[in-house]
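You will see two complexes here that share chain A, one where it goes with chain B and one where it goes with chain C.
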Partner chain A sequence: MSKGQLYPTEPLKSWGMAKKAREEFYLDYRDCHAKGGIRWAGGAWALDALTYGLGDDVFSITSEPYGASCAFNKDIAMKCMETAEKYGYARDLCAYMRIYWGSVLTKGTYPWGGDYPIPDFIYQDHICCSHAKWYQVIVDHEPQIPMTCIDVAPGPFMPGTDVQIKPHQVKYVADQMLEAIEWLEKTTGRKFDDEKFIEAVKTECINTSTWANICVLNKAVPAPLDEKTMYSLYVLNTLCKANKRITPVLKEVYEETKDRVARGIAAVPNEKARVMSDTQPPWGFLKVFRYLERYGVVSIGSLYTFGLMGIWEVKEDGTWGGRTLPWEKGIEIKTREQAAYVNADWNLSKPEFQHFYHPKYKTRMMTRIAKEWKLDGVMLHYNRGCEGLSLGIAENRLGLLKAGVPVMIFEGNMGDEREFDEVATMARIDAFMETLGLKKDY
Partner chain B sequence: MITAGVDVGNKFTKVVVVKGGKVVSKAMTATGFDPAGAANEAYDKAVSEAGIAKGDVQKVFATGAGAIEAKFANDTVTVVSADAKGAYTLFPAARTVIDVGAEEGRAIRLNDQGKIADFAVNEKCAAGAGSFTESMARALEVPLEEMGPLALKSDKTIPMNAQCVVFAESEVVSLVHAKTSKEDISKAVHDAISGRVVSMARRVGVEKELVMIGGVGRNVGFVKCMENGLDGMKATVLDDPEYVSAIGAALLAAE
Partner chain C sequence: MGMEVFKDIYENRHKYQKEWKEKSGSKMVGYFCTYAPEEIMYAADIIPVRILGSHEPQNVTEPHIFGMYCPFCRDVLAQGLKGRYDYLDGIMIAQSCLHIRQAYTSWDLHIPVDFSYYLNMPHRVTNQHAKPFLRQELIEFKNAIEAWTGKIILPADIDKGIEILNTTRRLLREIWDLRKAENPPITGQEAIYMVLACQFGDKREVNKLLEEALNELKTRKLDRETGNRLMIIGSEDDDIAFINMVETVCGATFVIEDHCTGSRYFWNQVEPQEDRYAALAARYCDRPPCPTKDWVQPRDRLVWALNMAKEWGVEGAIVVQQKFCDPHELDIPAFRKAFEAAGIPTLFLEFDVTVPLGPFRIRVDAFLEMLRQEDLF
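Let's turn to the complex of A and B:
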């Protein structure tokens, strides 16, 4: 027993599987041309199920997780950002975007070796202020790359609540997807396969609902997972949420996490208090989460880790859980039109989409997490690197305080270490821990 | 019980010795580039002034930006906790504590039991702290201690960019060239710096009684401008405001 230990702990066995799946994603993207495959780029929220209709040898790179991976390596991140700045792009823009641009513009910065592999086409969505501009700049520098973009902002949608979406709003997105099929066929010269598309739509529903159900298991005390570990797991859906290769990995994580709950295995063996964070962490400083553990504090996740790629609904008992799969509710997916509609409807209910419409939705979801996951406090990251997800965060703070949840804020940047003050942040954590009545175990 | 509190601040290191809840001695040295040496020096002075031996001090708690440099301390506490303890003990009616030092400003809201209900701390930028005034005093070629009284002589409001000391200094130079009086410029400087602190205080919610601590508490110009920014709410500046964190640390050490 280590000092302060209250619960048994053990490493998460499926972590290695997840890590391997992540690495394969980046290598497949880089190497697929050698096997006649196609590679494309777009955001993590791109409606990527569509691209599976082009065949099994089509691989993507998703720009935000790519930016995060680079950010974890501070040298690469700095090289990329300084390159983007030399080209004249402002330092206060999205950090992932600047890193991505810098990676495209700089030789030898692909973290898995070599130069950044230029995509054959760009297929993006647009809800964040940076989304479409992100790739517009890429096309400015690489004008041979064809690009299309889908607007996914028809309105808020929170399944199981009073915030409902109307069919014509879903159709607005689904119709764009159907148009994009024609564009993809013309751009790649390949015939679109409806069966593969339908299979990908179903796979995405399974993968994203499974992730939500994994997060639900973290309601247990002690928490079976901690947020730092969850970053290595949630990322799979940010890379290829409609890919059937990650389904067994997520199922394995789910089963193992369920088993940990049954056996009382803790992620943080001295768990005495529970918090959540908010948006992307400062990726180069994940030691923040290990520092919390010295106080016996586990971060059980965040709206970001739960809702960036988990799809949720409010269940009949009033709790939050993975959204019911469409076919379990009798919804048919037999045609390309049905598949596009289901996929649009599914994606529009993404929790992290909602606060683009109003901060009250995010406050509502965070307050729910604070209650259902039995939290003692919340750490809000005023993330200067992400205008989109930081939008309304000061309103969220007020809303959480009003709901009786203690809140600590810290300023930083998910990708730009120049805007993160490690010493000041640790000092602020110390103060917050003291206000929660906690003392260091070691 | 005899305890000591050491506050290793960015500019000055303060030490107090407390016996039975009462301050029996205090000492201060410039922190400079040797915070460990400054802590030792101030501690030696305070112990000597108390007329006791170091061995008589049963527990020492350190706080401040350089708290870990006080190697002789038994433990460290955050400035927020030390401030809350010190201010509430010295002034039990305190519900809002504003602490402005050389490089940092913080606002703390206390509940009826003196526990911290919420707090805010300024970020990397020192624009809302004492070093800002010091920098502006240099630009105005006025001794630092005269800046506050000068500001009280002005009733003008001149907007100033307080987001950045560098830009603000450039603005001061422009105002000097525009023949603006030093009184008015000093008032503008204090309006700007206090505006940052007021904004931070409003974030945590300002409740009576309002207490001001930290070295900037000695600056009458700052306090007046801050009160104006808080719609005239009066701030009680505690005696020896720069020692309150150290007192809080010593009191926490006694618990």
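Let's turn to the complex of A and C:
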């Protein structure tokens, strides 16, 4: 046992499997043209199950995880952002977006080698001010790329609570999806396969509910997973949440995490206190989470890691868990119309969608996590890089404090290192730890 | 009467609004964005008034809205936190940009009102499914108003609301046409005061003032040189001090604008349909869009603004951006490129709550000198 160690620990065995799946995603996207495949671009939030109806050789790149991957490499990120600025785009815009634009506009910035592979079409969705405009700007520079975008802003919706969505609101999104099928057929010249679409809708339900259930396992003390590790796992659903190739990876992660809970294996062996963060981290400075460990603090995740690609519901016993799969509630999916409706309904309940309508929904979910996951405090990242996920964050701070949850805030940027003050952030963490009565173990 | 009345309404909005409320006995609802369907509120005998900021430095919103969001939304919230709108019975927003949405949600959390409503205005307004969706959302809003006021809103009531708003729009359009003249009978500053008075006032009263103003303007001659004909492009631009400086000190005139305290607010009418809510939905989806709802190629707003620039004989455009306004930041490079390709030079200025008149004057003077160079040499 090392100094301060309270629990046994061991590396996550499924880690390598998850990393490999992630790398394959980016390589498949880059190389698929050589095999006659199609590649497309859109956000991680896009209703991508639809594109599986075009065939098994259709690969996407999701722009936010791509921006995050570039941001982890500060040199590439800077090169891309400075390019975007030279084209006249403001420095306070979404950092992922500026990195993505810069990568499209600059040679040799694809982190897996070569130039950014230009997509055959763009299929996006829009909930924050930047989502549709992100690709509108790309088409300003690459006018040959066909683009469509779905409006997904008719919520809010929190299954199992009094916040319910109305049928016409789900229908609005589903109708746009059905229209997009015709657009996809026209754009790609391929016939749409309803069976493949239905299978993808079901796969997405399984993958995103499974991820939520993995997060549920982190209620255990000690926590089997820490936030930094979770970033390498949650990312799979941000890349291809409707892809059946990642289902076994997520199942493996679930089983291993469950086993860790049963055996009392800790992510942070000196766990004495538990916190969560919020929104995207400053990707170039993930060492923040390792610094917490010196105090014996584990960050068990965040609403972002839980709810961006996990779909949740309040269960009958009042706890939060993975949303019940539609067919387990007797909902059949036999036609493309049913599949579109189910997929719209499923996505509209995404926890990370709800604060777009009011910060009170996010405060409610974070307060729930603080209680159910037995937290000692919350770290809010005032993230200058994302106007969507920082939306209402100041009210979340007030709401959490009112609910009796200690809160620390730090200001930064998920992708632009020029807006992150590492020394000041560490000093804030020191002060926060002191208020929680914690001292460094090492 | 003169144009002074509109300025007076703008500068003394709270006094007027309290008086109008008392005189009419109506409830008053503050709205945060011009996608608000005012027709439905007038149908219920509610006076809708737009909530804008006061352009004063403030220190009350820091705990509520993170400083990376636009100063305008923080200025708007500050008005509520300072109690300046304590006479409002309700608030509502039609879903628009994230920034102003926060002014609404923080208001909803911290400033008690009897009625608060978030209307799911679609973003993808050009899509065929947007109008039926909005139609249903408008009916839901109407239902909420009925539940709050106890008044059943009949088709004739909606017709009344449409008539009030369409009258405002028609009169403003007629006045705006007069601005095409070689020597417009109205300055840009006066024009903006008019639109703001419409947003702040009881339109049943303001329409009478517009009618009188239109008659006066038909024969009015201004005792000033028009100078360079400018367009102002931006988001919410009641930056009167700036407009005044350009028109009185720099020797130019704003003859047209593209922003939501100007033309974008009133440009298109509700076209009558048997289904009133479908008619309203069509109007709000088809209006000149805010950039957050303008996703198509080429941008609808850009095509519209360029046409206006040509029709109103614009020599140069000042592209104004509220600091941190993402939707506009996402359009500005495309706008500047298209305007300059059309032979209309642009000047980009970033605005905060207060206007730095000195530095802006130097930049505007330099811009105007550039426009005038053919005369110089």
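Going forward, the second predicted complex is superposed on the first by the 442 of 442 C-alpha atoms of A that agree within 3 Å, B and C clash if a C-alpha of one lies under 4 Å from a C-alpha of the other, contacts with A are read in each partner's own complex, and residues count from 1 in each chain.
One rule holds in what follows: contacts are C-beta pairs under 8 Å (C-beta built on N, C-alpha and C of every residue); 3 or more make two chains touch, one makes a residue touch a chain.
Quantities reported herein were computed from a predicted structural model and do not represent experimental measurements.
Contacts of A:Leu27 after superposition on the shared chain: neither chain B nor chain C is touched. Legend: residue contacts after superposition of the two complexes on their common chain; A:Glu434 is shown touching chain B, with no touch to chain C.
Shared-chain residue A:Ala262: touches no atom of chain B or chain C. Between chain B and chain C, C contacts the larger number of chain A residues. Of the two partner chains, neither chain B nor chain C is touched by A:Ile331. In the superposition on chain A, A:Ala90 makes contact with chain C only, while chain B stays out of contact range. Note: no residue of chain A belongs to the chain B contact set and to the chain C contact set alike, using the contact criterion stated above.
Against chain A, in their complex, chain B makes its touches with residues 65, 77-81, 115-116, 118-121, 123-124. By the touch rule above, chain A contacts chain C in their complex via residues 87-90, 92-94, 126, 128-130, 132-134, 136-137, 139-140, 143, 147, 149-151, 153-155, 166, 168-169, 171-172, 175-176, 179, 356-360, 382, 384, 387-388, 390-395, 397-398.
Touching chain B in their complex are the following residues of chain A: 401, 406-407, 409, 411, 421, 424, 427-428, 430-431, 434-435.
Interface residues of chain C, counted against chain A in their complex, comprise 62-66, 68-69, 95, 97-99, 101-102, 105-106, 108-109, 118, 120, 122-124, 127-130, 133, 136-137, 140, 291-292, 295-297, 299, 324, 326-327, 329-334, 336.
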